[in-house]
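Next up, some structures in structure tokens.
The two complexes that follow have chain A in common; it is paired with chain B in the first and with chain C in the second.
Now for the complex of A and B:
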């Protein structure tokens, strides 16, 4: 069998076209305007990969970030994150930070400190595409995460296992790849890893410096030693590879693909950015099985729509809409993060998605600019308008029944450009295909 | 693979209860019994909810947390309800509440997620949750949908439909507010492309993809918007619900029950019970919310003439360790009491937890949770074995239906 991670090479029968560009931008970003998508088709695969993972993109504006942090309120921190994703300066990094936020899912609801949350997200921006060793160690010292998992009460005399358990179960290994004894020993190693005045502090007198046994080895391990040991476990490579394939390729990845990606990850020196780049250029990534195989998250649906239209909208309104759809950034439902997949879409949340877009396109909320009429301007016939809407939102790929249905909608509203555009775009956004990422 | 008739096609996409029958066309349902599962998410501390106050070992295991004994409400078997559960105690004395000590499953798992999955699937041997994994209430919803039209089941309060309500053929909706049920379509046409999306995938034999799900959901959503809004406007509350999220969710549940929409199965999640640190005020606050909201719900249903037709099962994914931890909290444990409200055999059932014989530091289970499920299913008039996959002796908490 051929290597699933072998590079995809465009051929006349399987060209690098608008559908593939749309796919790449949906998974490794939040989409882009039709103008940008067409440029990337012309520029080819390598240019598109550089677009989602630009080699020299600056980190998010520190001054703005600092201002969002200084205000210290949840709404502003969220709005800042939304704004970042709408900018799309480094699409893959923005998506990766969202991924890590779901992976190391910390909620402000318990810690009540938006500043600490904002700093955690900034750490994802900084390290989320670097070596996993560095990211994990940073998380083991992250004030928001330590408080979220009660490690600030973990002491030598009275160990608290919460952090150690989730470190193994949710962050690195997955169930079944560690023992209860490993959890107890790791909890001892993290005693005294506390938070003082909003910063990490190692409190030696509360630390258990004694010998521990972890994964069959003995030593006077501290938290850093545990983190260093766990990233070297082969189960950790497989666990992470599976999570990345769920994000980038398919909700239920093939075990052979997971195995192959785990090898790539190990060989890269556990470099996250290099591993993700390997996925993004692979045949697997551009395969038919991967295309439109995911249910869009609320962020993908809300932010993606604004970006596909090449528009701007009020970040606070978009953040609130996402929260209403079940994805309140900085407040994941549990330490497990968002469940994702088909759980995103129920009849009730479908109605809310649809109603949010109806309001946005009709100008009732969100301050969408430019107004919808501009997208279909100059197109007169219902057929042309339907085709334009499918290009904008579905990369031109929709069934004949969808085209016909949209033509009927365009015909119904032919008298008023703005209302016609809003109605046709809304109708596209209500198709099953548009729910897919 | 080819053709399939319209009925199996609709059944396949999970939209059958919503398709082809307007609300007005339904005959009044002979069977209007409703089971509401209220899940205390995070692992409720059973030993501080139904407290073994007379057991000296309790105080020894919990030097700090034993403070709840003060003001606790004594029960007949020598245990006591947490001080915040005063209204529940009055209902218990009046015969409207059953408590069963020590409910759990063999080989308790201390992970929230796996233990929740086990409670949701009713399968302690569950290996992993996949696309086809179903929940016990979802499987019950399949049976309900096969017998009658209507909104047989719903998740109330969240946007996600929990695993527990995932059925083989039914797509169960989640509801938060009445206003969420209206579709602001700028056009009279329904969602475009849904029929064909399902048809394509049936023909291609790929029935479980994201696209099928999206199409089934789109069609269910539009029916939901049309029918539910009208039906639910008939409800007038007959109790003052507390202004908490739980109060709001329970009121929406009452609205669904009263609307006569054929709803038989409901789930509400009430989160925050993962009390690893500084537990006393947090836990008391949560139980007070539970007490007030359940009391209003019971009062409302009684006034609506539904008290005998609605059973509420309150459980958590696990109890907590018998011994408190160093942070004035408790860590993940095992068996815990469950509560049932409604047409019950009132009182406290089962042996008081034996703190002398802890199982690896946890309260040992004296009843399998599936026996409690079997009780609820029998009471609903459903075949427990068809849902649970095996026969379990009933827990005897609900009164048999005449």
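Now for the complex of A and C:
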């Protein structure tokens, strides 16, 4: 049986082409302009992997980050995150931060502290591609998460199990891999892990320093010891591997693939970036089963469209549009985050997606620059315009029926370049293919 | 292109330098009766010279690319005029000029410029060369140029503008009745708080027959006035206007901005049904149901608190106190204060009790969020007495959040009560000089350019980020925007807007004074 994570080797029959570059950029980023995509095709697989995971990319500008945090305003923080994703300085890191935001789903609706939310996301930027041990410990001390899961009221006298339960169920192990006794003991270990003035604070007098028993071992564990113990569990490796494959490969990953990736993860020293890099260069990632196997989230749809066009737009408006489509960053619907997949699309949400794009391309919202006509400039025939639009948004991969439909749209609006471009691009973006990532 | 540049040419004609003359009033007889907006200049030369003297030199420190764009624009204008500006003006408007805008078919506009040129033949040749499709004729030494060929029956020579046309600078008039007819159904009235704030202006625009406008520049001062022949003083809304209370606070020299609205908040809240639509009345009732409960059932927010103060209330924006360099974050909040004279000392006690309760509620909410409470204490000294809430020392990650710059204060001193976002602002508001006795009333807004520029500079990183996020600009564009705004503000000493509602007229005055 072949290794599902064996590296993909481009061949003349299976070349590294625009479709594969588009696939890589969609999953490990929010897409890129046609110019960049073509450059990456010319540069080859290694260049493309370096593009999505640049080794020397700086962390987000600290001055701008400080300004975004200083506002203390949810909309501003949200828009700043959109701005970061639009910049595409480190596409995989930006996507990973979004992934971790859904994984350690924390909502400002409860904590009412956009600063704390912004700092949590900055932690994802800093540690989201590092060792999972470090990320998990940082999350166990994250003020927003501690308050979200009520750990700031978890005391030796009145333990609160909420944080400990979600730590096992949602963050590390998954259901069925821990006992109620484990939850109780872990909750004791996290007593006194509180928040003061927006920062983590260990309150010794509220901490239960007694002996605990967890996963069959005994000791006077504190929260750090629990975090260190849980990441070593094999179930944790499998749990995380499954989540990463759902994100990068297929919504329903093959158990054998999960097992293989869990091994890679453990061998890497639980290094997230190295594990994801292994997935991204694998045959599995570029397989036919992975291609367009996922429904785009609102973020992928909204930000991806702007990035594919190589355009600029107002992040505040885009963030609001995403929220309207069901993905309000910093306000996930529950501790389980966004369910994603088919939950993203319904007749109503498809209509909302269509309306958003129509408004964006017509200049009614979002301050899109340049005007749509720019992208189809110099092309006169409806056929050429339809092909160019498919190249821009679908990496040139669309059925003949789609092409013909687009030609009809281009023909109908032939008199006005901007309107024609807006109509054709809108039509492409409303196709079923474009809803798939 | 033709349609775009014609209004510019029309205005340029009015402002163009040339020999002083008396042609303005007489030229009004040539304006079509159908005109809705008319502007006139008796002596375009002196008007434009004064305006140029006010505008120049450009504010120093503008980004080079902006200075370059302005230079290119001026060069383009010179090219369009076909040579030196002075020659062009002499040809065009040596003896005065009027410009008129007339509603055209299909919702468009037509325009007409009538001047007394020095060289009518040359002026007409210029017009025909630049805009060959626009009718141009010379009649009795006057140049008639424009897309409007409607007849002139003398309506404008007998209009209120005729009396003003001999004034220096540029004057104008708008036939509001005709304008309303033109835009019937295409405008919406303000709602909510804007309804109260803009009521005099809305009433004037809705009821007046004429709006007369004047533009003059003298030295560093540029003045724009607009007077409408209607007033809401005699309407039910007039009861909200000032009723002879003592003058309020003079604008402190250090203030960034000040606003005083000539409205009685007490009357508005006491009789909302007289001034507001049903939804506004409901909003007032909802607000008072809480405000009246704050100090228990025996005191009334309207009668005891607002009734114990002199109205109108003055609002001030003041510079932030100099921050510790180590703690200077990306946002430096200016301070805000509301101040009014005290009519009844019991209002001060009520305000202090209410502030104490609000501070307790705010601290409880902070505690729920795991935030340290503000330290609330009473203070009494030789300056006055009041309640001060001070932010606790910041022990969290990164720079302190902007709310640590706040020290909400209610302060009574010198017969005044101030509610402010910082103690320094409250003290400054109470200590400000009184407005001169017998001074003009009405709505007043004052903006001090250099103070605004300093406030913008103090929060530049955050402001630039906000623009990047809201407008989709890149960092360079956002930096350039605020660089220009800051330099333009710094070149302005003071901008003052005043709205006076007289018995029969409503007068808006805008005064901008340069700082050089």
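Here is the rule we use: the second predicted complex is superposed on the first by the 437 of 437 C-alpha atoms of A that agree within 3 Å, B and C clash if a C-alpha of one lies under 4 Å from a C-alpha of the other, contacts with A are read in each partner's own complex, and residues count from 1 in each chain.
Everything below uses one rule, namely that a contact is a pair of C-beta atoms (placed from the backbone, for glycine too) under 8 Å apart; a residue touches a chain by one contact, two chains touch by 3 or more.
Here the structure is a predicted model, which means the values were calculated and not measured.
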Chain A as common anchor, with chain B and chain C clashing or fitting: fit
Partner chain(s) touched by A:205 [first = chain B, second = chain C, both, neither]: neither
Centroid geometry (CA): angle chain B/chain A/chain C, rounded to a multiple of 10 degrees: 90
First, second, both or neither for A:67, with chain B first and chain C second: second
Partner chain in contact with A:113 - chain B first, chain C second, else both or neither: second
Touched partner set for A:35, first chain B, second chain C, both or neither: neither
Contacts of A:408 with chain B and chain C, given as first, second, both or neither: first
Touch count on chain A, higher of chain B and chain C: B
Contacts of A:13 with chain B and chain C, given as first, second, both or neither: neither
Closest approach of chain C to chain B (Cα atoms, Å): 9
Chain A-facing residues of chain B, complex: 41, 110-114, 130-131, 155, 158-161, 171-176, 180-189, 191-197, 200, 209-211, 213-215, 217-218, 220-221, 224-225, 271, 276-277, 325-327, 329, 331
Residue ranges of chain C in contact with chain A within the complex: 329-331, 369-372, 392, 394-399, 401-403, 461-462, 464-466, 468-472, 474
Complex contacts: residues of chain A adjacent to chain C: 63-64, 66-72, 76, 79-80, 82-83, 111-113, 115, 119, 143, 147, 152, 194-199, 312-317, 366-369
Complex interface listing, chain A residues touching chain B: 150, 153, 155, 157-162, 165, 169, 175, 180, 251-252, 292-295, 325-326, 333-336, 339, 341-352, 354-355, 358-359, 361-362, 398-399, 401-402, 405-406, 408-409, 412-413, 419, 422-423, 426-428, 430-433, 435-436
